[in-house]
C-alpha cells in the first residue's frame, strides 16, 4: 500500500500537532483497518455484525428497506400465502366448495385461489363458500391469518412512517477555503425537510494513519475543532468550518500529506425534528480524495419572487475554484 | 425602504448597548432579508426548502394538514380508487359479473362502482360477484389494495393523534408596561391544553437592522434577557417580562426607533407534555408594529363558582392602556 | 377562614427560617388561592383551563378515560352510527333491499339495522344487499365510514396502551418520625409496575400561607430538602425523608402551626420506564391534616418462600404510632 | 451460610479501601438479602412487585412475552371467542340460521362455529346468515367484538415491534487479565443489532457482604471505576476494564475473598438506538463464581473476505488462560 511508504514524513509533521488523539473511544476494536474506510460515504458504518437470533434484524430490515421493495415484499407475501392455501384447498378437494364448477386442474386451482384471496382479505363475497368440516376449518384459519397479517402490515407501515430521519443534504466535497486570515476546511449542509430541525449539533472526526515511535503504522482519531458547532435552528443551509490553525491536527498538511495518510473525515450531526419531536441523527464520511483545495462555495440561498428566502438543496455542493493568490 | 433611511440614528443608539449580537447562530445564510420577517406570526419560518425526493414531504403534509382537509383527502382517494377500478371492470366487461343486470352505460358503471366499493372496503355482500379469470384477479388485487390503503390510513390517523403539540395561546400584542422601577417588554401565554406542561422554558430573540461601520445595513439577532425563563409547571398563564434596563439591546429605543429598525421579536417555547411525555415546542413572532406602548395586561385568571382557579385563554391578550404618568 | 386569624403567630416563626421561597416559579398566577389546594390528592392540578377549539381535548379525554368508559363509549358510538344509518335506509325505503321481507315498522327497522351493522363492520353476509342507486351509494359510504371508525379505534387503543404511566403507590399519610438525632418528615412510595423504573428523582414542594410585613396573607412555595432525591433503580420501595433541621422551612412548626398555615405538600416524581424507555411522571399532594406525628412506617418488604424479596404495595402506607419518649 | 464465617478476614481488608459504598441509592429496602443475587444473570431484578390492579401488568406481559407465546395466545383467544359464541348460537337455536342443514349436535356446533368465525373475522361469506332478531343482534355484536379484538391485536403487535431493546451480547465470564502494569477486571460486550448504538455508557456496581464494627454482616454496594465508561459508537465490540489498583474496592482481594464475600457484579449499559432514536438499556449480572482468574479475551473482530471488519458475536466470551508468570 502506497500510504505505508509515504507516511514516514507525516510522523515528523505530527510531532508538532497540539491536539491529542481520541483514546479508543469509538467502539471499534484494535484491528481497525489501516487502508479501509470506517464509514461509507452515506454515513453507515463499514462493518458487519453477526446477528444472534434468526429473526433479530427482521424488523430493522422491514422498516429501513426502500418503499418500493417494501410494497413488492408484502404483495409477494400476499400472493405466496394465497398460493399456499390454494394448494391446500386443492388437496382437500375443490368439490367441497359451494358455487364452484369443476374443470381442468388450472381452472380448479384458480377457483381455489379466488376463494383463498377472498378469505385472506375477508372480502368474502360468498359466491364460493366452504362446504365440509376440514375445508371450513382451513378457511376459518386462513381468515384469522389474514387479520393477523394485516395487523402486522399496519404496524410495519406505521413503524416506517414514524421512523425519525433527518433529511440533510451534504456537499459532495470538502473545500479548503480562505477563512479569516488563514484557511479553513469546510463543508456545507442543507435542510431538505419540511420539518424544522432544532438545536442542531455537529461533530467532526478525522482518522488517519500515523507512524508510531517503533515505526509501525497505526490509525488515530482526532476531533476537528469547529468555528460553530451548534445552532438554534437549521433552517436553510449551514457551512461548517474547521479553522486550519495551529490547533488543527492537520495544520500545515499538504494535499499529498492527507492523501498519503489515507485520511477519512467523519461528520456526525444530531438535532431535534420538530414535527416528530424526536432526536435525529445524520452522518457523512469524506475521504482525502474528496477535498478540493482552494475553492469557495457558491451562494445557495436565493429570494423567491414572493420575497421568501429559499435554499436550493440540489445545489448545496456547488463551488468555484479560486486563483492561487486568493488563499 | 423607509427603514434604510431612518435607521442611521439607530446605529448611534446601538453603540451604547452592552449585549452582544448572536454570531450567525440561527442557521440562516448571510442573505437574510433586511425587510422581511424570518418567522410568520404563527411561529413557522418564512422560508422555503427545496425537497430532494418526490415523496419526501408527503408524510409531513398528511400529518400536519387540518383534520377537515385530511378527511376530505382520504374520502377523495377512496372515490378515485373506486372510479379507477370501476373503469377497469367496465373495460373487461360487466357481463363477467354474477348478479348484474346489464343496462345503459351509466347503469353498468354504477354496478361496477358498487362492486368496486364492496371489494375495496372488503364488505363483499356477494350479490354481485366476479365470474371469470381476469375480473377475479382484478378484484383480488383491489381487495389487497383496500387492506393496504386502510393500513396506511390507520397509520396516518395514529400519526396525527400522537403528534406532540403544545396548545399555547399567545397575547396578540407585546406590551411596554411599568416593571419594578422602570419598564418591561411583556407578552402573555396561556395553556389551553388539558395536559400539563412541565419544565417549560422560554427564549426570546430580537432581530433588527443595524448600520455597520461602513454604512451598510445588516440584520442582527439579539437574545432578550428575561425576568424568569423557566417554570416547573405552566398551569394557567404566564407573563414573560424582558426588563428594559441598560442590559437590554433596545434600552432607550423610542417607538419610532423600533419601527425604523424593522424589528422582529421571536418567541421560542419548549416544555414537556405530560400526557404524551414528549418534548413540545411552540413559537410566536411579533413585529415592531405589534408593540403597545404603556399598557398593562388585564387579569385572566378567575375563580370558578366551585373555587377552582381557571384561565380564560380566549382573553389572554386583553390589556388596558395606561395614562402617561404611570410609566 | 380560621387560618387567617391564627396564622399571625406563624409569621413570627417564619422570620427564623433560612430557606427562601420560590419566586413565582410555578406557573400559577398571583390570584392563587389561600384556602384551596393547588393539587388534588391524586396529583392532578386543581385548576381549569378553557380550551380554544371544540375538539382540542377530545384525544386527551379518549386516551385518559377509564377503560370501562372507553369501551362503553365506542360501543355506544357503534350503536348510534347504526341507528342513524338504519333511519336513513328506512327513509329511502327498505323495499330497495334484496332479501328483506317487509313487515311492521319495527321489523323493517331491525332489517335496516342488521344491514347497517353488517355494512359498518364490513362483515357483509349478503343475505340482505342494497338494490338501487341511492341505497347502494349510502351503503358504500357507510362501509367507508366503518373502516375509518375502525382505524380511529385502532389508533386510540394504541394511544391508550402506549401512554407512559408510572405505577407508583404512595403512603396515604406523611409521617413525622425519628430521624438521626432529630425528626424527619417522611412518606413512602412503592413501585407496583412490572417494568423497572430507572433514575428516579423526587422533588417535594410545600405551600403555606404566610403573613407579609403589611399584615396581608400570601401563599408561599418552599422546596423541601431531601436526604436522598435520586436513586438508580426504584425497584421495591423508597422512603423519602425531609430532615426537620434548621434548614427546613417548617423547622419548629407545631402540629397546629401547620394546620393553621393551611399547608400543602406536593410530591413530584420522575423516572424512566424501562419497558417503554420513556420518561414518566407521578405526583401526589398531601394536606396538613394528612401528617401523622410521631409514627414510623412498618416493614413492607418481605422474603417470598423462594427467597425472592417482594414489596407489599397494598401495605405501603402501614405505620405504627410511637410512644412520646421515642421522639 | 459459609460466607458468614469466612468473611471476618474480609473486614480487615476493607478498612484499607479508599472507595466509599453507595448509601442506599439503589432503591432496595434494608432487608436486602445477604445470600441472594439482586439481579438475575440476564439483568432482570430478582424481586417481586405486588401489582395494584388486576389488569395492571397485562400490557407489560403481552408486549414482553416471546413471539411464539404471543401468537399462541392470540390464536387461543380467537378459538375461545369462537367457541363461546358458537355455544350462544346453539342456545338460541341453529334453526335461526339461513343455509344451515340441521343434524347431530356435533354437526350443529360446527355450523355455529363456522358462522361465528366468519362473523368474528368479518369475512361473512353469507352462505350461512342469521335469521331472527336475537341471533342477528348477537351476530352484530360479535362482528363489533371482532373489529375491537383486531384493533387490540394491531396495537399490541406495534407495541411489540417498536419496543426499544439493545441487542447486546455479554461475555459469559469476567476475566482478571493483565492490564498496564497491574491487573484489571474485564468483561466484553458485542453489538448484535443491525442498528447503530450511539453514545453508549456503562456503569458497573459491585455488591458484597461486609462485616460491620458490631460484627454483623451487611451488604454494601460499590461503584467500580472504569478505564473508559462512554464511547461515541458501540459498533463492534468493547472490552470494559476495571483497573484493580488501590482505588478499587476489591484491591488485593484473593479469589477466595471474593467467593466468601458472596460478591455480585452488576453491569448497566445505556445508549441510543439509532433506528428508533430511543434510549435503550441492557443489564447483566455476574457472580463471584463467574470470574476467571488470569485469562485474556481472544480476538473477536476479523476481516471478512471483502475487507469489512466484522464482529463474531457468538464468540464474544472466548478467552484463553494465561500461564502464572504473565500476571
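In this document, chain identifiers A, B, C and D correspond to the written order of the chains, with residue numbering beginning at 1 in each.
Heads up, the rule we're going with is that a residue touches a chain if its C-beta (ideal position, glycine included) is under 8 Å from a C-beta of that chain, and two chains touch if they have at least 3 such contacts.
Small disclaimer: the values here were computed from a predicted structure and weren't measured.
Chains that touch both subunit B and subunit D: A, C. Counting the residue numbers that touch the partner chain, subunit B and subunit C have less than half of them in common.
With centres computed as the average of Cα coordinates, no chain lies farther from subunit C than A. Interface comparison, A-C versus A-D: the pair with the greater number of contacting C-beta pairs is A-D. Spacing of subunit A relative to subunit D, judged by their CA centroids, is 29 angstrom. Subunit A and subunit C have Cα centroids separated by 41 Å.
Residue positions of subunit D touching 2 or more other chains: 118, 122-126, 154, 158. Of all the residues in subunit A, the ones that touch subunit B in their complex are 67, 71, 74-75, 78, 82, 110, 113-114, 117-118, 121-127, 150, 153-154, 157-158, 161-162, 167, 169, 190-196, 198, 200, 228, 230-238, 272, 274-277, 299-304, 307-314. Residues 23-29, 31-33, 36, 45-52, 55-57, 59-61, 63-64, 98, 118-119, 122-126, 128-131, 133, 136, 139-140, 143-144, 146-148, 151-152, 154-156, 158-159, 163-164, 203, 205, 268, 278-281 of subunit D are the ones touching subunit C in the complex. Residues of subunit D touching subunit B in their complex: 122, 124-126, 154.
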